[in-house]
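Heads up: the structure comes next, in structure tokens.
The chains carry the letters A, B, C and D, assigned in the order they are written, with residues numbered from 1 in each.
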Amino acid sequence: MCRWLAYSGSPLFLEDLLYKPEHSLIDQSLHARLGVETTNGDGFGVAWYAEEPFPAVYKGVDPAWNDRNLRELSRHIRSPLIFAHIRASTGTPVQQSNCHPFRHGRWLWMHNGQIARFHDLKRELSLAIHPSLYADIEGSTDTEVFFFLALTFGLEDDPPAAVERAVGFIESVARANRVEEPVRMSVALSNGDAIWAFRYSTVGEPPSLYFSTKVETLRQTYPDVEVFKTLAAESRLVVSEPLGSRKGAWNEMPRSHYGVIQPGQDALRPFIPRE
Amino acid sequence: MCRWLAYSGSPLFLEDLLYKPEHSLIDQSLHARLGVETTNGDGFGVAWYAEEPFPAVYKGVDPAWNDRNLRELSRHIRSPLIFAHIRASTGTPVQQSNCHPFRHGRWLWMHNGQIARFHDLKRELSLAIHPSLYADIEGSTDTEVFFFLALTFGLEDDPPAAVERAVGFIESVARANRVEEPVRMSVALSNGDAIWAFRYSTVGEPPSLYFSTKVETLRQTYPDVEVFKTLAAESRLVVSEPLGSRKGAWNEMPRSHYGVIQPGQDALRPFIPRE
Amino acid sequence: MCRWLAYSGSPLFLEDLLYKPEHSLIDQSLHARLGVETTNGDGFGVAWYAEEPFPAVYKGVDPAWNDRNLRELSRHIRSPLIFAHIRASTGTPVQQSNCHPFRHGRWLWMHNGQIARFHDLKRELSLAIHPSLYADIEGSTDTEVFFFLALTFGLEDDPPAAVERAVGFIESVARANRVEEPVRMSVALSNGDAIWAFRYSTVGEPPSLYFSTKVETLRQTYPDVEVFKTLAAESRLVVSEPLGSRKGAWNEMPRSHYGVIQPGQDALRPFIPRE
Amino acid sequence: MCRWLAYSGSPLFLEDLLYKPEHSLIDQSLHARLGVETTNGDGFGVAWYAEEPFPAVYKGVDPAWNDRNLRELSRHIRSPLIFAHIRASTGTPVQQSNCHPFRHGRWLWMHNGQIARFHDLKRELSLAIHPSLYADIEGSTDTEVFFFLALTFGLEDDPPAAVERAVGFIESVARANRVEEPVRMSVALSNGDAIWAFRYSTVGEPPSLYFSTKVETLRQTYPDVEVFKTLAAESRLVVSEPLGSRKGAWNEMPRSHYGVIQPGQDALRPFIPRE
């Protein structure tokens, strides 16, 4: 059970998102409130888009709260589109190649949740990955296989459809192997222009997922948070867990839905796995 | 607020102490119950005496719960005298040279607690370290300075007296610098023959410290713990926090006291800082 | 181009093999003399058999010459059958799951050399791994896939035949993909009872491989090496690179051969890949 | 024997300095040509000034050639004033607090060389550090003590004078302790506006140090290096070892001298330790 955060809007220093909020992601790495695991100390990753089309990624295998380089970089790196993830391993090794966000070309992918009994399904799922992509798998997580399946199913052309097909495929393989409740997920992905955020579970309640309300409301709810005062109106945060406890600032993403954060009008649409 | 464990008795695999008990030290690294910090993920160390007079030390900067080498070594290393420590940093860097146990020759030293406002007292305390020892300081913790002060005050000749003089000295330097409540400590030290364990606080309640009851009682209280069945009668554990929740198995060390675990009769004596 | 060492004989401290010889493995990690790469600083691993049938493994991602824990453990761990490996990555990440020796049950496997254009062959080779083994792959190296192929082809029943079949299979896949000179290898494997060491190359000269002469000759050649004085007569070392420069102490393993080091009579036999 | 590089001029991506040149600093980490040690794999650090007056610092304990984050950040971080350092430890632990560049407020400091028999002089040198600075020492290197001595002697007001006084003091302490040839150094320091680079040795030849010739000459000498084409005329590099082998591009810093790289006219002046 990991924690993540995705941001799009006025350029912010990483520090403003990762360290300054009341219940920041770094604070969540030590004391998460929602979810099964309260400690997310099994590595972390941040990624951001800057001048180039390809995002930068910085990953560490120590707990995020201990990483001096992360604290340091956070004060100096500013970006209009930021991903951050803190990991609580479900058993796979703590190594950079298992840390989110994963990247492929311009694309970033991060995940909270799991594919149930992944060890039993891993081979069959991996064989479905496009042969041209297979050898680029570097780690051993369910998340990376999930990402490569979505790439195989056309992520770069139609992200929501590709994720729906990947989930449909995982569910059908799971069914054939009598794995129940195969998918629990909150996924974020981006190409640098838009962010897509998905919340879904085959059965039962998916992992928590929230998006920020209008910047105007954020400002009124957190009058003491300096950085909110200068945000452009369409700035938006999506988070596993609210960054503070005040009501009105966060909307829960409905289950079996995904949101698109993009220039112009954001969107919220149903998410329906396809076989 | 760290956690530690010291064991003397029939040779045990590290695994029996670190992983197998209900509320083991590794479990405490993720979920401590007593003390201020519930996560002790800022490095760890284990040390053991084997065939040689000098103990072996293994330290890591990752959280103990993630260290595969620790798990591996624990299954293969067996010793009659074991120290283990999991760290929750109070601000100094997470680096091996700041991990306990500290070693000097045959001696091991580990600590839970802190010297208040250590940053303000550090220079004056460090200058009192014997010149022949000063340059061997490798890290930046209060614990290492405390150890080197105790060595300066004769640890190798009379351990309790040296610790009493070190604490007395720290308290007098603190008083001169108007630092209140300077010392809170539970300390373990050993030379391979005996273990000394101290519990003390200048003011208020010291950090928690427990020692195991007779092996016979341990066996009755934990009939399901295989390893207790084969322990010699004088085997003994000292711990920051009980390894399980059942009553009768653990005695609290009284405050301002120290215990000596040694071949023959153990001892419990008052601890009185000396200037 | 890695470096490795395998030892069987009178129980030795790791230190005697890893640190004390003139041109020790640790020295080779900084300054190898044979082979393409002179620095082998991309992680390391040691493994040893002790009281249990399953070997212990200790791995690190820092250069072996810097690992304080390795130096420490080497002084305290003694074993009659030891593997050690220092890695020079050919591109895959420096993470513990990519460090040799690899282990499966009682078996250890380590490798110097490479499968040419592994990235292009990886998928086809991986699909041939037995489905019950596939999901246990943790890293991304050619060596681990090679090991799992050998396991698939019966390593636990007939090690030389299984390696011959694995190499034959790799060569046939390579041929179909127009990869020339696919295999260059010096491989060591053990089950705790015997050591098998292979030297082979599809084309041209395989990586260097040497085995020690009779202990009596070692003693005469290195009269100053204390540890050789107490070795039992059938003690034997196999190494990528001699541990010292004196003549007479080391025999080169002939190409396309493998040696078996076992209680009783050692053996040297031709190695012929099978399809 | 470490290696370092300091750059001031038109904003460059770190990559242009660290990875792209023929004999880049990253290449030097594996294969240095000048100096005693050919491998500089004991940690590294980079620092740069960006929008803020305080520089950013990124340090690692793995070899620079292996650090994926460094490669990644290098493609995305651009600065007009960059320091980079790769370390070959002379015995002190490989930990971030021992990696250069060291920082104090706006100031950066990095060093190649050593204080002879530092272990014997450490206490006396450390006691001379201003009491307000003493407790901020985090590591155990001679370089950090040297930096804190220079700060004590007025680095922030008159950098060359402070370094001359620090060296004079070290030499006088060394003399009193009968340490011969105490100082060998090439030091770089900056406050974000200028770079000072020192080359000095009490006795004999100091560590190598070079500065780049006029940008115009660099362009002619390395017509294939893309980045030189766009550099402003007053851009300047100072390096332990030339980044390529062509003549005419690099001037050796004369011994017992220091250079100042600053807006306007650079300067080269004698360096004379003061007591």
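In this section, contacts are C-beta pairs under 8 Å (C-beta built on N, C-alpha and C of every residue); 3 or more make two chains touch, one makes a residue touch a chain.
All of these numbers come straight from a predicted model, not from anything done at the bench.
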Any chain in contact with subunit A as well as subunit B
C, D
Can we say the copies subunit A and subunit D touch using the same residue numbers, with more than half in common, or are the two sides different?
same
Measuring from the mean C-alpha position of subunit B to the mean C-alpha position of subunit C, what distance in angstrom results?
40
In subunit B, what residues contact two or more other chains?
68, 93, 96
So in the complex, the part of subunit B that touches subunit C is made up of which residues?
50-52, 56-60, 68-69, 72-73, 75-77, 96
Once bound in the complex, which stretches of subunit C touch subunit D?
30-31, 38-39, 41-42, 61-63, 66, 68, 89, 93-94
Would you tell me which residues of subunit B are touching subunit D in their complex?
92-93, 95-97, 119-120, 122-123, 126-127, 131, 134-135, 137-140
